[in-house]
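Okay, got some structures for you below.
Here come two complexes built around chain A, the first alongside chain B, the second alongside chain C.
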Partner chain A sequence: MPLTSDALPAGQPIIEIRDLHKRFGQQHVLQGVSFTASQGEVVSLIGASGSGKSTLLRCMNLLEIPDSGQIAIAGEQIGLQHNRKGQTVLADLQQVERIRNRLGMVFQNFNLWPHMTVLENVIEVPIRVQHVPRVQAIEQGEALLAKVGIADKRHSYPAFLSGGQQQRVAIARALATRPAVMLFDEPTSALDPELVTEVLKVIRELAEDGCTMVLVTHEMAFARDVSSKVMFLHQGRIEEAGTPREVFVSPSSERCRQFINAQLCRA
Partner chain B sequence: MDFSWFAEFRQPLWLALLTTLQLLLISASAGFLLAVLVGFGRLSRQPFIAWLSLSYTNLIRGTPLLVQIYVMYYGLGSLFQDMPALRESWLWPYLREGFWYVALALTLSVGGYLGEVIRGGLRAVPKGELEAARALGMPHRLIVRRIWLPRTLYALLPTLSGEAVMLLKSTALASTVAVMDVLGIANLIRNQTFLTYEPLLLIATLYLVLAILIERGFKRLENRLPFRNAL
Partner chain C sequence: MPWLQQAFETVILEWGTPLFEGALVTLQISLGAFVVGLAIGVTVAMVKLSGPRVLIHLADLYTTLCRAIPELLLILLLYYAGGDLINLALAQFGLDPAPINGFMAAVVVLGIVQGAYAGEIIRGAIQAIPPGHIEAARAFGCPRLLVLRRIILPEMLPHALGGLSNLWLVLIKDSALISVVGYSELLFTAKQAAGSSREYLLFYLSVAAVYLVITLISNLLFSRIDRRIARWMPAH
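Our next item is the complex of A and B:
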């Protein structure tokens, strides 16, 4: 079973963002960011906290609505418009729901639904939104849970799982919709150190399977190993972008060099 | 203690118990539905709906339930009395009875009090769980139906249990508008037997038993939720 939808040929841009601006009150969090992720790419967003990398990721599936700029997913432009107060709003909620359905998202805090079992968490969206027949959804769900190494817990409730296990369920839940891209928002930041490895292992396997991913992370070594492209954000701008080698070994920006040195020293 | 009247009043006591239970069930279920609407209404982004829900809540919680029952029964009731069309319609047998005015007043009351409880419960659901549902493409209505509301109600079970017991005791006010509920029948027995304590003791026990049964029922429901500690 292919993990992600294979409708797009390799190299085709899936996420295209142009000149994105986002303010939270006085704070100008994104100051004209452009970004492209293509089929099969693993893009890591790195940078200090407050640099705007999570906001950028959350704009990709419109959990945050940018003040201006353009977002296109798989070639489809997201409709944005201004309301009477001058705020930017979604022009067509159904369009966004359809597109979100093609983007899997994994959060820092897992955000599993506690009143559903592990398997129920995974099959909820395929059954209710995508109208996959129940038997088939269960079959696919169980395969995904096996893939993330947690099949034996499928009838447990999230509260009885460790953080690492919960995050792996969250990955399976996001994969269950057969997304074109997986978005990871600091997937290991809320985990105890000894649980980080098991989650990174799953993400690494996805990368090796050719799953297109955008990853916000503080795990520098991991970003260096799995990414095809790394972007360093600083104060709402992309300060440095390139292959892991270019960004980690020979960055042209002094700030990027400092950030990476500090991170690698810490590790 | 003189309970010799008991045999004679067994039948009316039984009917009174049924009346109380009917009041409880009708106003609990209708009130619950209303409360869900009020709870969401309070959180609405539409200013008018939010304002309406808040005003409703304030009105209900700011006035005594007994006054509300009187307004329904004497106010609305006498209004209806002056409508000949209504007096001849099939509705009249119901509109003549205190029962439906009390049921309506109790329903509105539950809507106000429980609505506020549900609002709090809805807000207590971690934002991230709803965000995850949104991020995976679930439409708002589906999120409400499958995640937000069930999640809230499970967490509120202990509170709902308490509210149900409160409602049971509030039904006793029905006796003030000549409804033959449990307290109503006790008053009747007192008048006919000139005994004070015995009938009251009996029905106090009856209310207590009902309250315990309600609490037990909710407790059992709670214990059947394997995830109850996580909410």
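Our next item is the complex of A and C:
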């Protein structure tokens, strides 16, 4: 079973972002960011907290609506328009829902649905939104839970799982929708240190399988090892971008060098 | 004990059927009004949490009015004024005035009062849901109604259950207020029975017992729901 939808040839851009701006009140969080992720790429967004990397990720599936700029997913431009008060709003909610359905999001705080069992969490979107037959959804769901090493807990409720287990379920839930891209928003930041490894292992396996991913992370060593492209954000701008080697070994920006040294020393 | 036998004969044999029917009507009115109240409550809660400003003001006005005016007065107002209004509307279209269906009127009037309270309970309960859970559903492209039905409503239930069960118990007793417009539910039937047999104490105590039994059964049902919720929300 292919993990992600296979409609796009390798190298085809899946996420294309041009000149994105986002303000929260007085704060100018994104100041003209452009970004591309292509089929099969693993792109890591790194930077200090407040640099705008999570906001950038959340703009990709329109959980945040940018003030200006263009976003295209799998070649489809997302319609944005201005309302009477001058705010940017979605032009077509149904288009956005369709596109969101092709992006698998994994959150810092897992955000599993607590009233559903592990398996129910995983099959919810395939059955209710994608109209996959129940038997088939369960079959796929159980295979994914086995892949993230948590098949034995499939009838447990999330409250009875550890953070690491919950995050692995959340990854399976996102994979179950057969997304074109997986979006990870600091997937290990809310975990106890001893639980980080099991989650990173799962993400690493996905990267090795050729799953397209965008990853916001503070795990520098992990970003260096799994990424095909790394972007360093600073004060709402992309300050440095390139292969892990370029960014981690010979960054051209002094700030990027300082940030990486500080982070790697800490770890 | 001859007095006990006499009491049994008067309450059960003579008045058993009407009283049972009255209790059934009380339950039907309460259930109907509860469902209407929940539907209004969910709508009001959603409007207050994420509706356009005009609707929010309207919802505020509704909850304020319905919680400020005594329920008995509201029932009289909505029953008689509502009836006049309907007939006025019918006259506009050249139609004959229609008699008001007492049962429907009771359900609608009590439901409107219930909705005001339920709306506030449900609004608070929805606010207790971690926003990330709703955001996760949106991030997967779930349409709004699906998010409401599959995530918001089941997840707010543990936070709303205490308030809603209170509301239900109050409603069962409030349904007795409907007797002022001459609709024969449990209390109205008991009043008739007491009046015609002159056994006031006997009949009023008997219906008090019936209300008590309904309440006890309700408590049982609510604690079952509570136990079900505890399966996914430990130590709630």
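Just so it is clear, the second predicted complex is superposed on the first by the 267 of 267 C-alpha atoms of A that agree within 3 Å, B and C clash if a C-alpha of one lies under 4 Å from a C-alpha of the other, contacts with A are read in each partner's own complex, and residues count from 1 in each chain.
As a convention for this text, a residue touches a chain if its C-beta (ideal position, glycine included) is under 8 Å from a C-beta of that chain, and two chains touch if they have at least 3 such contacts.
All values reported here derive from a predicted model rather than from experimental measurement.
**Q** Chain B versus chain C on the shared chain A, clash or fit?
**A** Clash: chain B and chain C overlap once superposed on chain A.
**Q** Taking the superposition on A as described, I'd like to know which of chain B and chain C A:Phe107 touches: first, second, both or neither.
**A** Both partners, chain B and chain C.
**Q** Report for A:Ser44: first if it touches chain B alone, second if chain C alone, otherwise both or neither.
**A** In the superposition, A:Ser44 contacts neither chain B nor chain C.
**Q** Name the contact category of A:Gln165: first (chain B only), second (chain C only), both, or neither.
**A** In the superposed model, A:Gln165 contacts neither chain B nor chain C.
**Q** Pick one for A:Tyr157: touches chain B only (first), chain C only (second), both, or neither.
**A** both
**Q** Thinking of the overlay built on chain A, is A:Val125 touched by chain B (first), by chain C (second), by both, or by neither?
**A** Both partners.
**Q** Is A:Leu63 in contact with chain B, with chain C, with both, or with neither (first, second, both, neither)?
**A** Both partners.
**Q** Which residues form the common part of the chain A surface touched by chain B and by chain C?
**A** On chain A, the residues that contact chain B in one structure and chain C in the other are 61, 63, 97-105, 107, 109, 111-115, 124-125, 128-129, 157-159, 174, 177.
**Q** Chain B touches which residues of chain A in the complex?
**A** Listed in rising order, the residues of chain A that touch chain B are 61, 63, 93-94, 97-105, 107, 109, 111-115, 124-125, 128-129, 157-159, 170, 173-174, 177, 183.
**Q** Tell me, which parts of chain B touch chain A in their complex?
**A** 126, 128-129, 131-139, 142, 146-147, 150-151, 154, 225-227, 229-231
**Q** Can you list the chain A residues touching chain C in their complex?
**A** 61, 63, 96-105, 107, 109, 111-116, 124-125, 128-129, 157-160, 174, 177
**Q** Mind listing the chain C positions that touch chain A in their complex?
**A** That would be residues 130, 132-133, 135-143, 146, 150-151, 154-155, 231-234 of chain C.
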